[in-house]
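Before any comments, here is the structure.
The letters A, B, C, D, E, F, G and H name the chains in turn, as written, and every chain counts its residues from 1.
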Amino acid sequence: MTWNVYLSGEIHTDWREQIIKGCEAKDLNIVFTSAVTDHDSSDAAGDGLGAESNNFWRDHKSAKVNAIRIQKLIKQCDMAVIRFGDQYKQWNAAFDAGYCAALDKPYITLHSEEIVHPLKEVDASAKAWATSPDQIVEILDYLLNQK
Amino acid sequence: MTWNVYLSGEIHTDWREQIIKGCEAKDLNIVFTSAVTDHDSSDAAGDGLGAESNNFWRDHKSAKVNAIRIQKLIKQCDMAVIRFGDQYKQWNAAFDAGYCAALDKPYITLHSEEIVHPLKEVDASAKAWATSPDQIVEILDYLLNQK
Amino acid sequence: MTWNVYLSGEIHTDWREQIIKGCEAKDLNIVFTSAVTDHDSSDAAGDGLGAESNNFWRDHKSAKVNAIRIQKLIKQCDMAVIRFGDQYKQWNAAFDAGYCAALDKPYITLHSEEIVHPLKEVDASAKAWATSPDQIVEILDYLLNQK
Amino acid sequence: MTWNVYLSGEIHTDWREQIIKGCEAKDLNIVFTSAVTDHDSSDAAGDGLGAESNNFWRDHKSAKVNAIRIQKLIKQCDMAVIRFGDQYKQWNAAFDAGYCAALDKPYITLHSEEIVHPLKEVDASAKAWATSPDQIVEILDYLLNQK
Amino acid sequence: MTWNVYLSGEIHTDWREQIIKGCEAKDLNIVFTSAVTDHDSSDAAGDGLGAESNNFWRDHKSAKVNAIRIQKLIKQCDMAVIRFGDQYKQWNAAFDAGYCAALDKPYITLHSEEIVHPLKEVDASAKAWATSPDQIVEILDYLLNQK
Amino acid sequence: MTWNVYLSGEIHTDWREQIIKGCEAKDLNIVFTSAVTDHDSSDAAGDGLGAESNNFWRDHKSAKVNAIRIQKLIKQCDMAVIRFGDQYKQWNAAFDAGYCAALDKPYITLHSEEIVHPLKEVDASAKAWATSPDQIVEILDYLLNQK
Amino acid sequence: MTWNVYLSGEIHTDWREQIIKGCEAKDLNIVFTSAVTDHDSSDAAGDGLGAESNNFWRDHKSAKVNAIRIQKLIKQCDMAVIRFGDQYKQWNAAFDAGYCAALDKPYITLHSEEIVHPLKEVDASAKAWATSPDQIVEILDYLLNQK
Amino acid sequence: MTWNVYLSGEIHTDWREQIIKGCEAKDLNIVFTSAVTDHDSSDAAGDGLGAESNNFWRDHKSAKVNAIRIQKLIKQCDMAVIRFGDQYKQWNAAFDAGYCAALDKPYITLHSEEIVHPLKEVDASAKAWATSPDQIVEILDYLLNQK
């Protein structure tokens, strides 16, 4: 049985690659999906629909185009991993967590101990909190293969 | 017909009071609800269930107790106002926004122009973006009373 | 038992008033609701949130503010009456009909025989087609009071 | 991962073919679906069930048979493209848009600038507004393939 | 706490009155609802919308008008009592039972032992089978008042 | 795209075979499903779980075992055909119709003109009424293959 | 705003009364509901529908009658308290917990530390674990009254 | 058509293997799934996320990790078999039963006659009660293969 895992959040480190490679090394039967993670492409997602002079509307158009993909992938996933780095606002990651919670999609958070307190509401609805991609790989291996 | 409006987010300024008083001045038929907004009480919500030596679990217990109230109120509201200040992580506010979006609860964001870009995903699922409590009052007056 | 009836569509004739007065004359226990039907107010619903130079965005902001009210009222109604006049595009009325159909909210259409063919998909999901406000009043009287 | 895209609306120009060919040229993994777009066949969908002397009932029977296909395809799609031409009532397209909105199916509208105002409610619930089939192809390419 | 009980099915005996009077005698806090039970009125429910020469369409129009009331009442009830007499087809009663089952509305059937076999699918999804109105009253008294 | 069609109702004539063969002759891509249609097997579905001296409980056990299959198949179908013969109570067929209606599964009824009146509530929620298996085949061909 | 709290589980100690009196002493605006807690009455809930010689069917009939009340009350509650004593199987309490979890109804468990391990799945979906009725009263006071 | 059957409950006897082998012997097209049934592995499911000094939190972390798998499998199954042995609390099995009931997933219980009374609420929502794995195999064979 294939698992479908959505990877949400921070795009400045290679945590996605670490998880994907770790799971490939264990030959886990998982389809990983993500929002567009190329920052410039993502910000420009709506530009082809016409230029905007106002930044709010440029962002608005791009974010809505991206939402088509994000919401489809979350609705079709079995679970999500939601990563918070120590920098930046990352409100989109917390938004995805709330979206998962309301749809009863299980998610695991991935973040350092430093930000435990501001993430307490996000963690309270999570099924687990991990601090390293390796822990995520270990849990996925358990979930798929343990008898 | 009474409207039920949930007020989510930042607790360091008096934006809730401004909205509530503004609506009272117009005699609008609205029940406003909120999470516990007293910071220390909210952090201690689970303390009565037994002390925790580990901060993660203390936060976890309190956040889950608070979630009983927050999720009840969001599920029963007609709409939400979600406020982001210019400081702090405020991931709980973005989490509430995602939760509202997935439940198809309409919400209006309330934040300054400075944080338009990091809030683009949150704004993309909002029904409106306001920059002052007065604008919120004006919209509520319109929604309830305009023929 | 109170019935909650949403009145959607055309705003250039007094069909809403005819239905409401007809039901008052029969002392029917009905709460009628509507979108904002003052055309200029409706088009300006979002103006208080800041001026827009681009007409698309002005319309967009106003339509989204109006959607807060419309979608709340449709979700809470027991049934809707959806009126199509012989003029204008009235795509919002057809949109409301599709919205009702997907939510399994029963609706009755109110329109002349001239536009039966272009409305066939809208009528196919309706519970009834009426050609006069009097017929609507008669049906409501039957639904509420007939033993 | 295959995407399933429903194409709704106007049947007098070749916009469907343009989108499908454009996506084939880019080798996008998309299944496109539509209602029956042959006008005469669609109007006659229910004729095999017995002749009707009254046009309303002939339309009614055909529209209900067509609804079996349309509603199945919308419920199973990942997203829809909803096209409005500058002529005709096209209430079925607006109905499909409302149906999508209530089911939380993302849709993109495709129409000229001339009809922005009457479509404002339909556009308010859309994820994007495009003015040419090429823009649709561009967005689909982005949604499926951008890393 | 008020209970809302929908009474569905056979209209040729006074089983509804027996249940209602029995509950009044015990002062039970129940709102009883029903479809229109006057046979001629029910068959004529759609006549005000225009005469039909074809009996199928006359029945169709009336049954759809009646469905507005029936489906509202079933959706809002706490439970239903569904009565089958020994005569007539009574397919509408079995239809209501299937409708309740799919919505997870609990229902009790009320019928004689003679028709146990043909009702086995209807009884299989019921919460109870009663053979007399008195038994229904007894169960309602228990459900509302027993500590 | 495969269609999944559930065939419900009367088991004394070969209407199922006629539809299935008619669709095979046209090479339609349809998976047909049904409840167990062997009468004796169906009545004995629960016998392996232990004998019952009381007929009500024997029927009850068998009907519940059958319900596992029926409800799975209805929930997974794209549409149903529900057949009523001129004899027998056939309450299970009407129950299936109500179940489909509440789940918004489209269904077509198949019955003679003689029983139009007692089936008016069942037909009112149907997408079509056919009088012969050939008509069903014709509609399925249209739904699957018409451009 | 009234809260509706369902009290599920063990019936051999006075934990319900302690919670109810504790909340009355604080004048909390709560409606408490429960299944029938009189053991003999509960076991006899279906006896009025006819005697059964087989204990399984006697239990079955009673449990289904009780389910009408239990499932109504759980569906309408804002939250539940689910109590496990140190004795007896109490599978109905665990069943209620699973039922709440699937419906996304928040619940708090109330049990001693001795049974933490066998209750780990039940506690994993709970919003809190309390060991005394006083703790429940304290949390309810917080949820209703804390600003 | 493949069936997906979830096996829940007792892990100390080989009932799962008996059912699986019995179905293989009949060549039934079934995918069987289960929670992790290795007791020590299951208890340690969360250990990789960091050691806990408090048993409650160790159990909590492991149970939540396990819940990712369990809830995915239950949501995707066609039916469940829920086994209760004569020993141990087995609250997780009763929890799964309540979870299935609320999601309208059909389940069959498998237990001895000795525990009929304490399981009456669990059995009341079941589609069948079996006392041996062979009976389960027989029912599955019937459900999949009987014409």
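The definition used in the following text is that contacts are C-beta pairs under 8 Å (C-beta built on N, C-alpha and C of every residue); 3 or more make two chains touch, one makes a residue touch a chain.
Listed by chain with UniProt protein names: A, B, C, D, E, F, G, H = YtoQ family protein.
No experiment lies behind these values; they were computed from the predicted model shown.
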Along the graph of touching chains, what's the shortest path length in steps from chain A to chain F?
2
Of all chains present, which has the mean Cα position farthest from that of chain H?
C
Cα superposition of chain A on its sequence copy chain E - rotation in ° rounded to nearest 5
180
Repeated interface matching E-F, over half of the contact pairs identical, chosen among A-H, A-B or B-G
A-B
Rounded to the nearest Å, the gap between Cα centres of chain B and chain C is 31
Averaging over Cα atoms per chain, report the distance between chain C and chain F in Å.
37
Starting from the mean Cα coordinates of chain B and chain F, work out the distance between those two points in Å.
49
Counting only residues that touch at least two other chains, what does the list for chain G look like?
64, 67, 104, 129
Mind listing the chain H positions that touch chain G in their complex?
55-56, 59-60, 62-64, 66-67, 70, 84, 88-103, 113, 115-125, 129
Note which residues of chain E are touching chain C in the complex, please.
31, 33, 36-38, 41, 45-46, 48-50, 61, 64-65, 67-69, 71-72
In the complex, the residues of chain A that touch chain H are 1, 3, 78-79, 104, 106, 108, 127-131, 135, 138-139, 142-143, 146-147
